[in-house]
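Written below as structure tokens is the structure these notes are about.
Chains: A, B, C and D, in written order; residue numbering restarts at 1 for each.
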């Protein structure tokens, strides 16, 4: 079970967490992650995020379902902003629910690593020196590769 | 920087997360953990959590400060229920803020492992067969020991 | 037949979406058509990291296109 | 002088907090007094995993106690 939403409008992470948490009597652990646009000391004026409606949600839902299966999650939620996003605003919210905390932590961590390195978004950073397109960092690729190594060891 | 609160009254995790998130322009990543009382299929009617006021907060603040230093966190918040807690209610809320997601995830994970194995609480489970006092599980001790091994490898 | 461009391809071409009527019959014919109209776009589309999706499914190599197909060109993804 | 019990020690003793006036002068004298009043509690307090805290600081072995000291006996902690 998982849910994926893309939206141009800002979202309230606290309200999403309350909705995700309410009524879960079998889940002992809920982990959430919020990714925020950093202002990098004022040099970034906005991020612009381009998605391919239909295609992007399907790809993310595939990652979420993989996280649910791999970490025995009871549920996973991904909410992602698209369009223009200002510094200090949340860009992504991920929540996972599981019986125990290790699964909930690893499920959210895994999902974020895959979102950051493989999700079909195209991201433009509007900076003082002009706009530039962003690709995943070397660290994003390394983070995602951790899970392949872990899988082999299990 | 960190904050620790103990309270008998229930708390709203979403409201805590909104408060923790608002106004953070330098933090790119916020991770939260909510521990809930599981009903274990109806066999647990309540948890009763005993703390030593003054002593317990100080011990947890020490763990939170260690997490802040070790993972370069911008902030950490721990809110813990005491007294009688019903199944489905949150018992602990932990939030961490950092520049990047790996630090925020590891800080929250570390803090929860230490809270679960070493925090000065005494916990009674009210069950169908009568009340019983709970000690940390073998897995709680193993989870906490992971960090000693990681520290040696860094 | 609709063609969609994403990310930096939009900046290079100066458009995000176009209709082609009459439609092209194959992906290679569509690529040739786009290249004949805009050499810079054609070159960008030939980069090995640029993927093509037909009706939201990534395809490799050439393929036949239905008249109502939606073809998207996907440069390397930025991630979320 | 106040003495506090936590967790299962409360169930064994049947109390959570008591004042002692006149105060005991050392931790060992306090342990002896508690044991003389309640052998089951005394035995529980002698378990190696039970820690003693004086004015919220864990102490090992014996120590002198100030007249207004707060002494807590802490059985193995459950964690949060």
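Methods note: a residue touches a chain if its C-beta (ideal position, glycine included) is under 8 Å from a C-beta of that chain, and two chains touch if they have at least 3 such contacts.
Keep in mind it's a predicted model, so treat the numbers as computed, not measured.
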item: Touch-network distance, subunit A to subunit D, counted in steps; value: 2
item: Centroid distance [mean C-alpha coordinates] between subunit C and subunit A, Å; value: 28
item: Between subunit C and subunit B, distance of the C-alpha-averaged centres to the nearest whole Å; value: 50
item: Inter-chain centre distance, subunit A versus subunit B - centres from mean C-alpha coordinates, in Å; value: 22
item: Subunit B: positions in contact with at least two other chains; value: 35, 116
item: Set of subunit C residues in contact with two or more other chains; value: none
item: Every chain pair meeting the contact rule; value: A-B, A-C, B-D
item: Subunit C-facing residues of subunit A, complex; value: 35, 49-50, 52, 54-55, 58, 60, 80, 91-92, 115-124, 133-136, 140
item: Residue ranges of subunit D touching subunit B (in the complex, touch as defined); value: 4, 6-8, 10, 53, 56, 72, 74-80
item: Subunit B contact footprint on subunit A (complex, rising order); value: 12-19, 21, 23-39, 87-88, 90, 99-102, 104-105, 108-109, 112, 116, 139, 143
